[in-house]
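Look at the two complexes coming up: chain A is in both, with chain B in one and chain C in the other.
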Partner chain A sequence: MNWTAVLEFARGPFFKVALLVFIAGMAYRIARIIMLGWTKDRVPPRGSKVEGAAISFLKGILIWPFIPWVKDTFKRNPIIYIAGGLFHLGLFVVLILGTAHMLVWKSLLGFGWATLPLPIVDWLAAVAIVAMIVLFIHRLTNPVMRLISGWPEWLNLLFVFLPMVTGYMMTHHLFFRYEVLYSLHMLSVNIMLIWIPISRISHFVFYFFSKAIHGADFGKRSVSP
Partner chain B sequence: MAEDSIYSELKKEGMSRRGFLKFCGLVAGAMSFTMLPPIEGLTDVRGVQSPVKHGTIEMIAKALQTKQRLPVIWMEFQDCAGCSEALTRSQSPTLVDLVLNKITVEYHETLTAAAGFQTEEAKLAAMQKYAGQYILVVEGSVSDLNDGIYCTIGGKSSMELLREAAAGAAAIVATGNCAAFGGLPRAKPNPTGALGVYEVIKDKPVVNIPGCPAIPEVFTGVLAQFLVFGTLPELDALHRPKNFYGTAIHDRCLRRPFYDAGKFALSFDDEGAKKGYCLYKLGCKGPTTYNSCATLKWSGGLSFPIQSGHPCLGCSEPNFWDGGGFYQGQSAPISKPTGTVAAAAVAAGVAIAAGVGMANVAQKKAAHSADKEEEE
Partner chain C sequence: MNTISSIAMNTFVKETGGYVAAQLEACTRCGMCADACHFYVATGNPEYAPVWKIELLKRAYEQRFTLAGKVKLALGVDKAITDEEIQKFSKIVYEACTMCNKCSMVCPMGLQLGPLIHEVRTSMSNAGVVPDDLMKAVNKQVEEGSPLGVTDDVYDDRIEWVADEWEVDIPVDVKGADTLVVFSSIEVMKFPENIAAIAKILNTAGEKWTLSTSGREVVNFGFYEGNEELTKLFMQRVFDAAKELGVKKIVVTECGHAYDALRWTSYNMMEVPAGIEITHIVGLIGEYVRSGRIKLKAGAFDDGVITFHDACKIQRRGGHIKEPREILNILAPNSFKEMSPSKEQAICCGGGGGVIAIKEADPVRYAAFELKIDQMNAIGADAVVMSCSNCRLQFTDCVQHFNLNVKVKGLSQMVADALVEQEV
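Moving on to the complex of A and B:
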C-alpha cells in the first residue's frame, strides 16, 4: 500500500460514500424535525410570526455579531463569544472563499465563484485553529462546560479539528509529504461528513430552525403554550 | 559483443582522454551524483592523487576503463513506443550513445532491423549467453486477462514473455508509466487487465522509471549507475529511484512563488496565464507528483510542461488517468455522487424518517389506548 492509493481512496469512493451518508443523514434529521410540527396556538397571535422570525434572523446575523458587548451572554462569557465567533468566521471563509474548497464546490455544484487571495484565507484559517484550541481549553477548564460535555462533545472537537489542522499543514507543506497530508485531510473530512448528521455539528442547519421558532415566539405577542 | 572495455572502444572511435573524462562527468551528472567519497589509489590524468572534488568522475573513469558493455534486452508490450522515441530523440546524444551503443541493446522490438523468427531467436540466444547478467528493460504494461490474449508477440502472451525474460535478468527496468504502473492501458475500465511489471515480477529487483514518456536522462542515469557501479539506485515505496523521484514537481517548480502568494491563472489565456501564475486551479498535479521534470526539464533543459504553460498531469504517479480530470483542480473529488444518486439519498433519508415517525406515532397511540384501557 502507498499514500497515492490511500489518497485515491479518500478522494474517490470513500468521499462518495461519506457524502451520501451525510446527505441521507441530514435529510433524515430535517424530515424528523419537520414532522415534529409547530405547537398549536391556543390563543390567536396578536403579532406576525413570520415578521418575528425575520427580525430574529436579521438581528442574529447582521446586528449582534457586530455589537456583541451589549448582550448579556457576551458580558458573562466573552471568551466563548469571541473565540466561537472567530472560529465560525474563519471556517466559513476558508470553506467558501478558499480556492481549493471553491473548486470542490464547483465540481459538486457545477459552478464556481471568485475567491480570496491565499494569504487572507490562510490567516483566517490560523485564527480559526487558534480559536478552536481556546474553545477546547475553555471546555476543559470551565467546570460548567466539563459538566455538560459528554464524549460526543469531545469527538465533535476532534473531528472538526483534524480536517482544519491537516488542511493547514497541507497548504504549508509541513512535516509530511503533500499526498500524505492530503490523504489525512480527506480521510478526516470524510469521517466528519459521516459524523455530522449524528452529532450536534448538525446545528449548521438546525440553527435556522431554532432561530425561526424563537423569532416566531417573540413575534406573535401572545401566550405561549 | 565486444570483450574490450568501454574506454578502449571509445578510444578506437577516436575519443581523446580529455573527451573521455568529460564524458565521465556527464555520466556522473546523469546519475545525479554530486559528491562521492574520494577513492584511494586513483590518480588523475597528471598522475596526481585525486582530490575530493574529482572523486566521482575518476571513479566513473576507472569503471568505464575496466568494465565491458552491458547487455540489454528491451521488451515492448502494451505501449506506444513513446519512451523509446523520447530516448532516441533525446537532446543528450552522448547519453543515448551510451545506452544504444556502449550498452549493447541485444533486442529491441522497435529499433531492431531484423524481423520475425530471427529476432526472436536472437533474443533467446542473447538471453542464454548473458543469463544472469543482462538488464531487462520493459516498456508497456503486461496483460493478464483471458490468458493474456490481448497482447501477444510471436504467439506468446506478454505475461509469458515477461516471465521468460525476467528469469535470467540481473535487474529489470520498467520505463514509462505503463510498464511501471499500468499507465493508459490500465485506465478504467482496464479492458485488458493491464498490470505494472513490479506487480508481476517479485523475485527480481525492479526499478520503475514512470513518466509519459520517461525522462530519457533519468533512464540513462539509472543504466549508467548499473554500468559503472553494478548497483541500482535507492528506491522509494513505488520502486522509483529516489535521486530522480525524491521531490515533488511542486517543490521545484518555477511557478511555486505564485502558489505561495496565492496568484493563480484561472484560464489558459487570462492575465494570470500571461504573467506565468501558478496553474493549480487549472488542474496541476504538481504537489502530488514526484519526478525530475522541474529540474532536468526536457529537450536538453529547454522547458517542461508547467514552464510552457500546461498543468502537470501527474504522469509519474500510479493511475494518473483516473486520478481526477486533467484540467480539474486537484482538490476536487475524484468520484462524486450524481444528482440522481444524491436525490435518492435524500429520498431514502426522508422515507426512513417518515417510517420512524409513523412508528413512533403508532407506538404512542397504542400506549395511550393501553393507558385508557387500564384506567377503565
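Moving on to the complex of A and C:
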C-alpha cells in the first residue's frame, strides 16, 4: 500500500472536505437553534440575569471540574469527575498549546502563538487517554450509563479516542512507520470532524447556550448558580 | 390519529423552542445528574436518573427537528414513541420526581432539568396519562376550589375558628387593603396554627392585609400536573381576587410549588394584573425583621440543635435563602446549625411536586426521605424548621413513619412565638 499517497489524500483534500463539513454542519445547527424561537421572559427579576450567567460560566470553566469538591455529589463519584475534567484539560492543552497543532492552526488562521514544552503536552495527552479509558469503563459498567448509552455514545468515544491514540503513537514513533501513523491520525481526525455535527460531541458549542440559560435562571432569582 | 403518543408527541413539538432545544442539544449524556437525584440515590433505580426522565422529550425533539434523528428513525435505530412508553414514563416523572432541580446544580452543562421535566409532564397531561390520585386532587380543585376539599363553607368556618382559637384578627375580603394573603389548603386543614401565626405577624407589623374568599387557594395542582389551562385557571382565581380588592401585593404563604407558579411562571403564561407585586411570606417576614417593623426576642429558641430545611421551590428556585438564616440567627444563634449540603444545594424532602398526593409513590417517597434523616442525624438535629407546608407535610408524615425523635417546625410560627409586642 502506498502510504505516502494515503497521507497526501488524508491531510489534503479529505481534510479540507472534513473541515468544511464540520464548519457548515455546526453553523447549520447553531442557526437552527437560534431560529427555533425564544419567548421573551416577562418575569420581573429579583436579581441580575447577566451576573448569574457570568458566575455560571466562571464556575463552569474555572471551578468545575478542576476543583470538583465544590460539588457535594462529587463525593459519590470522584473518579468520574476527575477523569472528565482531566480529559478536557488534556484535550484543550494538546489541541491549542501543542506545537504540532499550533502549526496546523497557523496554516489555517495565518498566525501562531507560544506553545508548551513537549514533555508537558505529552504527559497531558497520556492523562487524557487514560481518562478516556476510565470514562469508557464507567459507561460500560454503571447502570445509569448503560441505560442512556446507545450506539452514538459508543461511537463518540471511539471517534475521539482514535485521533488521540494515533497522535500519541505518532509523537513516540510506536509500532508503525511514521507515515502510516500520520495517515491514520489524519483519517481518524477527518472522520471525527465529520461526525461532530451529527453527534453530541458538538456540546462544546451548546454549552454556552445552556450555561447562560442556567445562570440567568438562577441569577434572576438571586440564587448562586 | 388521536392516540396518546400522537398527542404527547405534538405537545413535545409545540414546547420545543430555543430554550428547550438548546438545552437538549447541550446534554452530553454523562449521567452525572443521577447522583444528584434523591430518588435515584435512595433506590438505585437507573430509570430515576434525571437524564432518563427527559428521554422522551429528547427523542421527540430528535425525530421531529434533527437530521440525525430522522435518519435514525428511517434506519429503524430509533422507533416512534409508543403509548406504552408514555405510560411507563408517566409513572417515572410523576412518582419519582419533585422537579426540585437539584440535578441542574451538578450538570456540567447546567441543564435546567426541573423545568424540562415539567415540559414532559405537560405532554403527559395533554395525553391524559396522569396518576389517578393526582388527577383526583386536580379535579377536586377545579370543582371545589381546593384539592383538600376546602369548600367556601369549610374555608369560612376554619378561618373563623382559627381567629377564635388563637385570638387573632383575620381580615377577610377587605377592599382597599394593601396586601392579599393567600394560604394553601394544607395550612387551612392541617397546619391552622400557621395561619394564626402569620396573622399575628402581619398585624404586629401593621400591615393592611386581607384574605379573599374567592382567591383563597394558593396551591396549584394544575401546575403539579403540568396542565397549562388549569394552572392558569387556578392562578386567575387569585389574580381576579387581587384585582377586585385592589391590593398592591400578593403574598404566597408556605407553599413552594404555588410560589414557583405565581411568582416565576405566571408572567410568561398569562396576563398578570399590572402594579401587583408577588412575594413569599418568608421574603416579607425577612423584610419586616430587617427594617425593624417587627422585633424578635433574641435567643427565643436557643435550645438543642435546630436546623433549617431548604424547600426546592422557595429557596433554590425561589431565592429566599438568606431570610430564614437571618431570622434563625436571631432566634437561635447558638443552636442553629446547617445541614450539609444546604441552601441552593439542599437535598429535597421528597414529597414535593405532587408526589405526596400519589399513594403509589409512597415507597420511593419514604426511601428518598432517608437521605434527609442521614443529614439530620449527621448534625444531631433536635428540631427542623422549614418554610413550605408541603415539605412540612412530608416531614411530619415521615417523622411518624420512621418514628424519629425530631420536632418539625414552621418558620412563621417560630417568628410569631418570638414576637416582641410593641407600640404600633
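Everything below uses one rule, namely that the second predicted complex is superposed on the first by the 213 of 225 C-alpha atoms of A that agree within 3 Å, B and C clash if a C-alpha of one lies under 4 Å from a C-alpha of the other, contacts with A are read in each partner's own complex, and residues count from 1 in each chain.
What we mean here is this: a residue touches a chain if its C-beta (ideal position, glycine included) is under 8 Å from a C-beta of that chain, and two chains touch if they have at least 3 such contacts.
Not measured: the values here are computed from a predicted model.
S.K.: When the two structures are laid over each other on chain A, do chain B and chain C clash or fit?
M.R.: fit
S.K.: Just chain B (first), just chain C (second), both, or neither: which does A:209 touch?
M.R.: second
S.K.: Once the structures are superposed on A, label A:177 by its partner contacts, choosing first (chain B), second (chain C), both or neither.
M.R.: first
S.K.: Looking at the overlay, what does A:12 touch: chain B (first), chain C (second), both, or neither?
M.R.: Touch status of A:12: first partner only.
S.K.: Please work out whether A:100 is in contact with chain B alone, chain C alone, both, or neither, and reply first, second, both or neither.
M.R.: After superposing on A, A:100 lies in contact with chain B but is clear of chain C.
S.K.: Rounding in steps of 10 degrees, give the angle chain B-chain A-chain C taken between C-alpha centres.
M.R.: Taking chain A as the apex, chain B and chain C sit 170 degrees apart.
S.K.: By the touch definition at the top of the document, which applies to A:52: first (chain B), second (chain C), both, or neither?
M.R.: Neither: A:52 stays clear of chain B and chain C.
S.K.: Tell me which touches more residues of chain A here: chain C or chain B.
M.R.: Touching more residues of chain A than the other partner does is C.
S.K.: What's the minimum Cα gap, in whole angstrom, linking chain B and chain C in the superposed view?
M.R.: Superposed on chain A, the two chains' closest C-alpha atoms are separated by 7 Å.
S.K.: Of all the chain A residues, which ones make contact with chain B and with chain C?
M.R.: After superposing on chain A, chain A residues 29, 32 contact both chain B and chain C.
S.K.: For the complex, which residues does chain A have touching chain C?
M.R.: Against chain C, chain A makes touches at 29, 32-34, 36-39, 41-44, 46-47, 56, 60, 64-65, 71-73, 76-77, 80-81, 84, 142-153, 198-200, 202-203, 206-207, 209-211, 213-215, 217-218, 221-225.
S.K.: What part of chain A is in contact with chain B in the complex they form?
M.R.: Those residues of chain A that touch chain B are 2, 4-5, 7-8, 11-13, 15-16, 19-20, 23-32, 35, 99-101, 103-104, 106-108, 117-119, 121-122, 173, 177-179, 182.
S.K.: How about chain C: which of its residues touch chain A in the complex?
M.R.: Residues 16-19, 21-23, 25-32, 34-36, 40-41, 44, 46-47, 49, 51-52, 55, 65, 67-68, 77, 104-112, 115, 263-265, 267-268, 315-319, 321, 340-341, 344-345 of chain C touch chain A in their complex.
S.K.: Name, in rising order, each residue of chain B that touches chain A in their complex.
M.R.: 237-238, 248, 250-251, 259-264, 280-281, 287-288, 317-319, 322-324, 328-337, 341-342, 345-350, 352-354, 356-357
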